[in-house]
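As written, the chains take the letters A, B, C and D, and residue 1 is the first residue of each chain.
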């Protein structure tokens, strides 16, 4: 039962990330989402008695709840960027679109995928919805940092999927993925600095010198 | 059908044998015929001029005038342009030789062995024309070049009509060799139409109204005369003679196609054939004179319409020949 | 053992790079190291008994060997080409010496990550390896640190990451399918394949969709190709060659691994149709962009999309098409690197990359000009160069299956692309050279890198070497599902 | 699968291949000798070596094309031939004209090759092998749709190389740009390899499927003839003019081939053999005289540095050998007896006539009209060569370049002389040569057993006992009558008296080259007559000193390139328009790019069931 609660709250946090207008709020949303992910992983580890999942949970807590959000906040503070996210779509419309995406995910899960377990169906739909929402953030938010956050949201969705459906990936893979994610966030961060230095903004929509 | 175009070996050898027996006689008679044609060819022009003048109620020069002209020209000194090259001097001989060779292709009053066929005839005259046109360009005068240009223009449109007319005639004959014709051959309506078409081409080829006018040296109208403007003396005489021969060859052709009577297999046996031939020529002379007197010269670009008409006539002839009419 | 040698040399070279004193020596050591890696790979391919399974961590079969071989060849050529290229960059003040060393380090890290992909047995690790290649090459794309290169690098990393996340999604779904089928929980390819028939068909189908889109993004399949022309054109040129020549192929390698499982499970027509769809779309899109291209390196980048399209179409056609596709992977790697070297030399000399501006290359730089002419015809599929044959095999496969429309379309698009490439390149190659450009010759190492690839192009064009043929035929068996090779 | 990789490179050396082989060698030899003198002094040494390497490779590739017995090997050698000839077209790589001509050439020919490839692969699907003999057996079991498809593809493919209208546009651009000995090879033999392809693949391997194939080829051939010669008339670049004549002559060759296809279908095997042999005869003739003419044009270019005939004139006095050779070539191509061009045109006309004689009424008219088209062509060709020869070699020089011309070197003269002699040989020995060609044609049509002989006494060509032409005899009569006229006149009137004087100038005191007729003026009647097709337009420009005084008046006439403007330009426009639309799909926005991935995923999931 508490799993349902976690799942629903993670969905709500994701919605929250769609409607926020400012960068710190978005990053906090991400922190919250990661924290919920940590809780879910930990509870899975507890119920399923998977030792590896404990380590994963700890890593989530360490990396995604603490390190990465702090890093992102540090960047946004340092480059003193306008806190506004830059929206292609206003929050009202955005939430409508994301609701539609949620509906589509459910439709997809129940029509196309053939899960016997109802819980699994719900989880799959939810994670798919989170992945798509991450994509939505990447598409409809202008700033470079929001794209990083969008990417991380998608990744969170996948972690959730791996944990809930398969009880985690093989350990080595899991660790490598963490490493990858961490390196990529750092590299992306470096590029945000560089973009800011060269263009004096981080509005990636304006990066359109290369076309055709 | 196939048998004919694919002679069996024995048939071919028997044909060869036939040729061998009479070959000397044929060669002699052919040469004699050509000499005779060459001899009477200026007369045809003389007669036409005479008839034309009579029709116009003038007296005009005598029928032998072309002979006097030729004799005079042969004796005269030639003036050759400083710009001209050997082409200019060689052209009259080529033209003359081509016309003589063409005369070998056509049965005037003797049918039988020929060196080639009607298609060759067309190309022989184009050989003559080719050199004539080059000679026209050679002196560097605008007149000559203009004549060459127009001559080539007119003839290139005349050629398809001529080929089509020849095809129509030959379809009825079964071969393109007009030498195969003999007195027994029955003419058909399609042949007549083809002959009319051919006649139109001949009018053009012999520089007659409505395409060209032999009587004028007005630069706007002349074609053939412009081309030979630089010539004088002996060369001019040869060219004139060649065009007389060309004319008589064509007339003989038309005469043979339309009236295959008065053709004999050898030269010796009767004079009525020759008389009949002369009569055919006379009729043609009259027709040509009537046309020349009654029509005006066309504008150069109307010539295309003229040949189109001729072309269509030939096409009709072919369709009729295809239907067996 | 050789395997570890192959993997460790790049790492060692990477470390050396930071400590080296002389840049030129560093370049030479680098090239020599990669030469040894290539020879080792060659030796490995001939001698070792396949498949090779090390601690369930590395799994090498003929398919892996084939890709390792392709990667080492292009890496060696790029290392050889780098020597002079980087030297000139440093001496002209384009980059600092420290950065040049950084380049060599990244270069080796990049080649290490690419070599890792075909070696690992775990499909999750394959994903990690491919993500690593992205991370390693991002800095090489943004190497010059100017506006366009940073833009390209940003697009590259973001779009590839998004794509690859879908690949991860697909991998997880695969994993789910495996774990629910009552098998051991594993993502090791050689352990999944024998049981792939009992996997849930629907799940595998969906998983493959995500895999195809995900790795397809990395492979440069249209319409997910959008990062490719930017990244390839902005990357430092030896790396452009590697990106086009082999990076795309590692993604295809990943797709192939999943394809085998999917084919075993749901039959070949499903993947085949998807491949053909993406192949044709890639061909059409690249054709349009090649026609109107203004910049030489972008032209080559779009040509890469075209060739990936051909490869994927060949994979979709099956039979001889598979052979053609694998051969094409090799041929395209050699030829496209060759072309990038040529383009790089030209751009370096003229300091522009606009096709409308460059003139008289043949005149200004005879060797490179001749190479570019040959490459121009090689890349557009003229005999006696190898691409002609691999394309022909794919077409033969299409026609013999009676798929006239698809094969005809491919043939037509290839002809149009040929026209465009010849039009664009002949304009820069011929004509009078501008006054300010003086005639010059290339250094020996550069020439060698050209000739090395040219020999490969021609040799394979005349006859596929026996050993390569053997590897490809064995790989074909693997693609058919006979995994024990 | 593996058997494909081992190309069993075998050779087919039947009559057809041997015929083409000898045709190639016959033209290559004089071209090689010619290039000795042509290149010397005009190009640096390295370039000359480069030329030789390419030349030899070019000849080898052509030889391979006509001798290999495997469609794949054919395809490869075909592509190699195109590639090498491309390098030869851009031999003068600094001229932009060469480069654009080369590009057009290689692109057109590659598109053609794509069609050929498609045709081969369709055949391969049914045969399972590329071997000619296996393809031949497999072709007989092909469905009629597939057969038609293969035919159309082969026709487009080979038609592009042969330069039939409207696929000819590359030809007049590319041929003139190559060095002249290469032009002579390209025009003389390379485009003939396409005819080889048509005969080998459409007639020999595929077999004529239905009557309309022949009709289609016949119509295309007739159109090519006429269009080619009309464009040639309008052209004042000597080599371009010759290139357009190649289009025309390819048309004439194809007339014979097409007639043969028709006769095969209406069950007239003897005639089929005859007309194919006629086509082959024109092929070798065209190789000879077009080779000759290109060599002469090269000599003119070498001596004067220009190919624009409006700037030439009077060269006959400066370059007697070249002009004589050109005259012979011009006479041959204008089909004047007793040279070789006449023989093949006569044979082709006879083929039409005999066909008309033996076939049903509709076909009679069709064949006759084709013959008329041929007649029109030969008339116009004669006009064109009167222009080409007359303006280039006769009258006064029109520019300094022409004044300073000198006769070319010995090796060039030798090659021209050799080919000139060949035009006579192929004219006068027609009966013997035609006998050989008939056997070639029999083997190509698979009618070896047929009893067909078209010669009489070894010196006349004969269809039957009535219809024949004997060129030695014609030549004899020509010579004898010319000689006789000279002798007779001499006997009657004595020695010829001549005087050199100015050309008659109508009383104008200073007649110079500027008063001469120009090539433009010469061809003006034709331009007007064909204005419906050529769409001529003119530009006038007055340069005034004051309002009342026009200092110079510039008058230029142009003809509209109909095919370029109304077929190729719109086609290219459509393709580029689509490409331009596509470009807009990539405006540089990363958000859009990510959404592409998103849309792709969604679309794939929705349509998943379709795969």
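Here is the rule we go by: contacts are C-beta pairs under 8 Å (C-beta built on N, C-alpha and C of every residue); 3 or more make two chains touch, one makes a residue touch a chain.
Computed from a predicted structure; not experimentally measured.
**Q** Per the definition at the top, count C-beta pairs in contact and tell me whether C-D or A-C has more.
**A** Greater number of contacting C-beta pairs: C-D.
**Q** Using mean Cα positions, find the chain sitting nearest the overall protein centre.
**A** Answer for the innermost chain: D.
**Q** Measure off the straight-line distance from the CA centroid of chain C to the CA centroid of chain D, and report it in whole Å.
**A** Each chain's C-alpha centroid was found; their separation is 45 Å.
**Q** Give, as an integer number of Å, the spacing between the C-alpha centres of chain B and chain A.
**A** 99
**Q** CA centre of chain B versus CA centre of chain D: separation in Å?
**A** Whole-Å distance between the two chain centres: 33.
**Q** Going by the contact rule already set, what residues in chain B reach two or more other chains?
**A** As it turns out, chain B has no residue touching two or more other chains.
**Q** Chain A: which residues touch two or more other chains?
**A** Answer for chain A, listing residues that touch two or more other chains: 112, 135, 138, 147, 204, 207-210, 212.
**Q** Out of chain D, which residues touch more than one other chain, so two or more?
**A** Each of 583, 586, 590, 594, 597, 605, 608 in chain D touches at least two other chains.
**Q** Check the chains against each other and report every pair that touches.
**A** A-C, A-D, B-D, C-D
**Q** What does chain A use to touch chain C in their complex?
**A** 112-114, 131, 135, 138, 144, 147, 151, 154-155, 158, 161-162, 165-167, 169-170, 172-173, 176-177, 179-180, 183-184, 187-188, 191, 194-195, 198-199, 204, 207-210, 212
**Q** Give the list of chain C residues in touch with chain A in this complex.
**A** 122, 124-125, 127-128, 131-132, 134-135, 138-139, 142, 145-148, 150-155, 157-158, 161-162, 165, 168-169, 172, 175-176, 179, 185-187, 200, 202-203, 206, 229-230, 233-234, 289, 292-294, 298
**Q** Write out the stretch or stretches of chain B touching chain D in their complex.
**A** So the residues of chain B in touch with chain D come to 1-2, 4-7, 9, 11-12, 15-16, 74-87, 93-94, 96-98, 100-101, 104, 115-117, 119-120, 122-124, 126-127, 129-130, 133-134, 136-143, 145-146, 148-150, 152-153, 155-164, 167-168, 170-171, 174-177, 179-180, 229-230, 233-234, 238, 300-301, 304, 311, 315, 318-319, 321-323.
**Q** Please name which positions on chain D make contact with chain B in the complex.
**A** 268, 270-271, 274, 313-314, 316-317, 327, 331, 334-337, 342, 345-346, 349-350, 352-354, 356-358, 360-362, 364-365, 368-369, 371-376, 378-380, 382-383, 385-387, 389-391, 393-396, 451-453, 456-457, 463-470, 473-474, 477-479, 481-482, 485-486, 489, 492-493, 496-505, 511, 513, 515-517, 521-526, 528-529
**Q** Chain C touches which residues of chain D in the complex?
**A** Touching chain C: residues 1-2, 4-5, 72, 75-76, 79-80, 83, 90, 93-94, 96, 98-99, 102-103, 106-107, 110-111, 113-114, 117-118, 121-122, 124-125, 575-576, 578-583, 585-586, 590, 593-594, 596-597, 599-601, 604-605, 608, 610-611 of chain D.
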